[in-house]
Amino acid sequence: MTTHAPLAMLLPAIPFAAALVTLLLPQRSRAVAATLGIAGAAGALALTLVLLLTFDQPYGGYVELVRFGELAVSFGVRVDTAALLVAVATGVVALAVQVYSVSYLHDDQRYAPYAAQVSLFTAAMLLVLVAGDLIVLLVGWEVMGICSYLLIAHDRRLPAAPGAAVKAFLVTRVGDVGFWLGIILLGVGAGSFRIADVLAAVTAGEISGTVLTVAALGLLAGVAGKSAQFPLHTWLPDAMAGPTPISALIHAATMVAAGIYVVFRLYPVFSGATGVLAVLGVMAAVTMLLGALAATAAEDIKRVLAWSTVSQLAYMAGALAIGATAAALFHLLTHAAFKALLFLGAGIVIHAVGTNLMSGMGGLRRALPATFWSMTIGLAALVGLPPLAGFWSKDAILYAASGTAGWVAALVFAAGLATVVVTAWYATRLWLRTFFGAPRPSSQEGSPLQAMAVSGDPSSKPVHGAPPLMLWPVVALAVPSALLGFAAFAEAFVPWLQTPDPVEWAGEYVAGAQAPVPVLAEQELLHIGVFMVVPVAAVALGIVLAWAMWRRDTAADPARLLGPVRPVFAHAFYLDQVQHAVVVRPVTAFARAVRRTDEVVVDGAVEGTGRGTLGIGALLARAHRGAVPRAVAAVLGGALLFGIVAVTLGGAW
Amino acid sequence: MIQTIDHVALLPAYLAAATAVLALVTDLALARRQVTVAVTATGAAATAVAAWVVGTGPVRETFCLPAAPDACSYVADQTSALMAVLFALLTLGVLGLSTGALRSLPTGEYCFLLAASMTGGVALAYSRDLITLIVALETLTLPLYALVGLKRRSLASAQGAVTLFVVSVVATSVTLLGAALLYASTGVVHLNQLAAALTGGVPAELQTLATVSVVLILAGLAFKVAAVPFHAWAPAAYDGAPVPVAAYLSTASKLGGVVAVLYVVVLGLRPWLDVIGWVLAALAIATMTVGNLVALRQRRVVRLLAWSSVAQAGYILAPLGVFAVASGRTDEALTLAVTATIAYAIFYVVIELAAFGSVAAMRGGDADGGEIEAYRGAARRAPLVGAAFTLALIGLAGLPPGLAGMFAKVAVIRALLGGGAGWLALIVAINAVIGLVYYLRVAALLYSTPPEPEPAPAAVPVPAPAPAPAPESTRVTAPVGGPAAAAAAEQEPRPGPAAGLAVPAEEPEGPPGSSAVPWAVAAALAGATLVAIVIGFAPQLVLDLATLAVP
Amino acid sequence: MSAGQMLLVATLAVPALGAAVVALLPRRIEQGARVTGTVAAALAFLASALLYLGRDWSPMIALGTPVQPWYQLQLDWVPWLNLQFHLGVDGISYPLVVLTTLLTFLCCLFTIYRVPEGGRGRSLVALLLVTEVGIVGTFLAFDLVLFFIFFEVVLLPMFAIIAFWGGERRRHAARKFAFYTLFGSVLLLVGVFVVVGSAGTADIVALTAGEALTRPIQLTAFTLFAVAFAVKSPLWPLHTWLPDAHTEAPTVGSVILAGVLLKMGTYGLIRIGVGVTPEGIAWAAPVLGVLAVAAIIIGALVCLAQTELKRLIAYSSVGHMGFVLLGIATLSVAGLQAALIGNIAHGIITGLLFFLAGAIKDRAHTGELARLGGLRENAPVLAGLLGFGAIASLGLPGLAGFWGEIFAVVAAFQRGDTLWVVLGVAAAVGAALTAAYFLRLLRRVTHGPAALQLTAPGLTRPELVAWSPLVLLALALGLLPALVLGMAYDPVTALAGVVP
Amino acid sequence: MRPVIPYVIAALLFGIGVYGVLRRRHAILLLMAVELMLNAVNIVLVTAATTVQATLAAAGVGTPYTGHVFALFIIVIAAAEVGVGLAIVLQLFRLRSSAAVDTVPLSDPDPPPDAAHATAAEPDPPTAEAVPR
């Protein structure tokens, strides 16, 4: 049994090295930066595949970094199939994004730092995936956050970008406060930060009761922040201000999925803590519906996809809440594929049309045929049309929800089913408004469609065909979106998705030690049976509804028929404004108050003592302004005073 | 029968008196300034050497009572030797500083009065009974009235002299009343006999009388040290007097007060420390606090130095305040406290001499201290003198570049905490902070940008600012010497006095008529600063001397 | 005089002589004086770095005294005051000494090319060297009275630096700094002699081991020490001198002030507070903890409402030192180690931030956030560095600031009882607030449209040379905290053993 | 038995002296008051000397004249003080044509532009109490 711990440690190192080298390059060298970026992503992907193929059982390896008292922090890895599968997904999407960005940002002269930051992000994501130590996991976790901050604010032209970047980082950072506390409670409780020790301690019951619950809730807060779950979801739609490939990589496939992955990896902590999974379940249900409904009324194509991501992540969270960890991970993988595809496709569409708003699109199926077909596959997978990947993974979740006892499962199932309908609705709306109907002139003049509309000839090719470097990744991603579902049929694949039983290999692996085969909790992923009809019917319902509303007036937006509810959905239930009013404004007001008190009271006291001393000095000086008799009086008076006091009190003390 | 008199013990006093007479005769005979000053200087030096030589010898006692041979009026032991040497050296130093001022003062009278005052000081050092002590104190003070009023046609000088005279006379009468009542209640005058009488306890009905008399004596002596509330004369006298006389007032005259208090308290009133302990503590606290607070508001340099010397008197008396606490009255605590007082006194007089020396060197000629504002940027024109003045000021504040001052304050705090008077140590600490406020104001002023030479007619005696170096920045000229000189001065020994002679050659001379610093003033200043730096780096020398000198 | 002892003396003597030489050079040689000063600073840095080699490799914890200096130099200076010229270095003080000499060297190097207004560069270099003597002396002193003397040596040179080369209200700020710090150090003096009075010796090595001090003595002494060190490493209520001093000080002054001057307070608290008066600090630990967390929260909130660049960075120091003091207040090995690395990290990062703030202020002639903006448009490298500094300072994991903050919270949690857990949580919230105000700073200064045109926006070579070591150190310490904590582990474990 | 009357006389004399010192404006008269105080001290000393002499004579120890010697010294001191004092007051009178003690300020007057040298003859005698600064 060969363990590849050192190799696994190398995994985050490759893109990190690429990032460092690209950062040191002068800004002008685009070609070198691009190649380095692609090489980094490809290298990581290749190494992951090697590790996956030569994998036989989970292993870990640790190098002690630093010791604080008896708590040590060690740079360690803990590799299992789940980690490697998500790593493969990350690698694929990262490679696709690097290739795609080369042409998408062809006119951006700050490409080198952009490529470096993407590589750095990939390294951080891989670090989170393979980290064997909670603190190292936290390092990867926060470096991802800062990379998303830097990349959102990358585009100089968008005035909203800096604000969105700060909002993204701060909302996740608020969640991370809980994450910090969770990790610290677990580490202090277990006496070590290694995940293996922590899980062993949890299962052995050393950490239990309120400590475990609070730690789990803390981790949950961090996950909610990072995976944009209610109530910390407000940053994801605004993060769309970043370049589209970034939205694809970070805000669709990898970073937002990291939260779900951490819950998967530390599952014993959550299952051990009473009531935490219930909280997760409720949160998931709420977020599912919230995301889907908000997507229905969004006008910007990227915001639709962002809200869709929020609701799909809620699916995965729901699955975790009811114990279907394999289904959750399976949906994570399929979602990574088709959501990345959709975003990159949207990028091509925006590139072609020149605007994000769907009002400026229409009838693009002939102008961008390849994009049209791949996005159709993507949308179909998103909706869950059999036999595409989305159907199998979402169906697994719904089936698991229906099969598990308890009100949480019922809630998840109900919300899931409703969301399937709404998802189908907005997906079809997007599909029809972008690719069908008459091409609508976008508000910004000079867009290629403008030319097409003016010339009245729909068939004339718009100036911007999809450049090959952007098209190939989209098409490539279409393959897993379509076929990944069938992987569920391969019996080797299912155990890969299982969470290895924590107790079995709690001990770290010294290279070469014989590790027992993990006993798998039998979760079967696949079932063919009558139950499959229910979700398919829901999808059909959603599609027909959307199609009917659209057919009435192909130029107008089907969302207009939502009536009074539309603005509520468009502003996502005004949660953004609520968050601003409840959190942001009070904190800034309190800060101003604290500053004033600090300057007036504390500083005032200090300056006051200064002025007071000078005042007393002035007083005494005035007392000395008299003439000589006053001095003589002072001498005699002083002698008299001292005499009287000496006589009366005597040597009393 | 004729009392045998030990003339060797009396040698320093003889030499001092002889100096005074010789100064008068030389002035009468030759009437040349340099010769008179030279004679007085050699006389002072001879007194110092004689006092040192007598001090190293065995303890010599003379003028003893026939009946009680141990009760002697004139004792030449180590304490007396140290004090006598200090008086002589201070007189020598002040004489050095006076060469500038002597251009407009009657040299003969000046030197005679100075030597007479020195004789009083030397006699005070050796005195061991109340009569000799008070008479010596008067001999020390009387010439000062005249010295302060010596500036002809200067109203401030005359007013200063009258202030000093009136308050001093009243204080002396209070002291004399105290001494008389003490003699009435105990029947003895010699300090060691007094101590014996007080241990035995005074008859009950005379207890209050004795207490009052002791307090009155302390009040009178506190006047000499310019302790609050007996201090009001100091600012007017210092400001009116010529700068060297102000130097003498703040060093020698104050040292005389301290010596008198020490002898009376430690030798005479040893058994009654509990009675007078709180008096000393109250005096010290009042003096420190009032001295520092009023000094904050002063606008003239010499007045500021006067108030600062009032505050410093508070620091000197502070260790004696430890007697107010029972744990402070043990022998071990007493030695600690007295050593600290003497050490602080020595550090203080050296730094004070350097401070007044710098003022004399900067103002030159016979000008008075002048406004503080006039010193703005003075350290740029005369970097070395500026550096010495800054070092002296920082020494008085008790901060590291002025290591001597810092060790002095550390010794006081050590003595207070050794004797268990923590609260007094805190008060001294707080006063050190207040003290830094005005010392730093003047020191920073020295190095700040000098005022544009506006055509103000004020005859600023300071040599006109050197042609401003090319302004390399929009700000007015940068500090030429730079505070680094002060900081650097602390690091390596100052170049020999010779180098500190005239203002360094490269410093282009101001307009004609402004006098370069006379060599004697520069020598005295350089000597004082050098001594300050040496004892700053090796304070143990002073502390050993002080331990030896505990009476 | 062994090689080690020679190095100890050299680390102090070289800058002192350098300052003297620079001050006494004739006024014509302006540039030359500054270069000699920088050479002296470089030699001092070299000597301090070599201190590490000279240590004996014997097992760190010899029996007996918990303080085990690598080597020490002990000469009698003033027996009457129990004062010995007793220098020594060990795992705790070595990183701080090297940080001081490095920062001073960088500042002197920086001053060769850019002299702030208000005075000549040579005087500034001389004063920096004297300040270095004071700070390094404080870190090397193993005698309480000597510690006090070096504690005070720093005061006047720093006053002069602020008062002559500072900004608009430099006089007021310098005076406030001088009197506030002197107030602290005179209390230290009284505390020192409370200890020396009752223990009979001022030798820190002996005092840490011995049980000479009774409980009441330790309590009174510690209260005095606590106030003195709280003034120096500004603990919240006693911090108001810091914003004025840092804002008005010239760039190099702010770097030294924030970089190492604050560490004298925290180092003193560790070496003397924990070492000499363990019962005192054990008794006062909760109060210290609460004030530290108050410093974190209030520091962060005030920064959130700040409108001036340098003042914001100054107040951020109050927050960061809050974390360090929380680490010390926990009195556990993890807490003290968190404090040590927090010290070094804050020194490096805030030093870099002040260099950058100074550069921005020189180019934009204003520090007001309202008028700055869009720095990355016309000065991308400077904006990038400011971004790096801000991100490092907000405690991004992987950079130096993170370890100090998280392990202070870990140590608080390890104490276990509710007060400390609440303090830990509050500190974690404080860390989030820190992220908020730094990102607000970046948004105001670097992002957005170019607000005003800068004079000579490009970075000059000397600036890059002066700043690159700090950037590299921030990254290196982030990835390898063992650089500092490796050598500090044994002495800290021994020191923590003393606490009851 | 201790003689009481001389002490009472001395006390009264000292009281009058103190009153004189505090009330009198003219320097010379103030000097006279001080002389009174000193003479009061002399009385105390002489009476104390006699009582000491009486007690010591009984005990047979012979140091009888300390008190008297002290009185002599005080007379000498008083004489010296008067000598110097009169000279100083004269100088003040010549400069200010008034020897009123209460016009001699303790603290520095408001610094007129040229405070260095007061002009020799003051044109108008200063008012009773200088304007409070």
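Each chain gets a letter, A, B, C and D, in the order it is written, and its residues are counted from 1.
Keep this in mind: a contact is a pair of C-beta atoms (placed from the backbone, for glycine too) under 8 Å apart; a residue touches a chain by one contact, two chains touch by 3 or more.
Note that this is a predicted model, so its numbers are computed, not measured.
Put simply, the chain nearest the middle, going by average C-alpha positions, is C. Chain geometry summary: the mean Cα position of chain C and that of chain D are 62 Å apart. Between the CA-based centres of chain B and chain C the separation comes to 41 Å, rounded to the whole angstrom.
Between chain B and chain D the centroid-to-centroid distance comes to 25 Å (mean Cα coordinates, whole Å). Chain centres here are Cα means. That of chain A falls 94 Å from that of chain D.
Those residues of chain C in touch with two or more other chains are numbered 179. Listed for chain B are residues 162-163, 166, 170, 232-233, 235, 437, each touching two or more other chains. Chain D has residues 21, 101, 104-107 in contact with two or more other chains. Under the touch rule stated earlier, the contacting chain pairs are A-B, A-C, A-D, B-C, B-D.
The residues of chain B lying in touch with chain D in their complex are 65-68, 130-131, 134-135, 138, 142, 145-146, 149, 153-156, 158-159, 161-163, 165-166, 169-170, 172-173, 176-177, 179-181, 183-184, 187-189, 232-233, 235-236, 239, 299-300, 303, 367-368, 370-371, 457-459. The part of chain D that touches chain A in the complex is made up of residues 18, 21-22, 101-107, 132-133.
Across the interface of their complex, chain B is touched by residues 613-614, 616-618, 620-621, 624, 628, 630-632, 634-639, 641-643, 646-647, 649-651, 653 of chain A.
Taken together, the chain B residues at the contact with chain A in this complex read 162-163, 166-167, 170-171, 174, 208, 211-212, 214-216, 218-220, 222-223, 229-230, 232-233, 235, 272, 274-279, 282, 290, 293-298, 324, 326, 434, 437. By the touch criterion stated above, chain D contacts chain B in their complex at residues 7, 14, 17, 21, 27, 30-31, 34, 37-38, 40-41, 44-45, 47-48, 51-52, 55-56, 61-63, 66-67, 69-70, 73-74, 76-77, 80-81, 84-85, 87-89, 91-92, 95-96, 101, 104-108, 111, 113-114, 116-118, 120.
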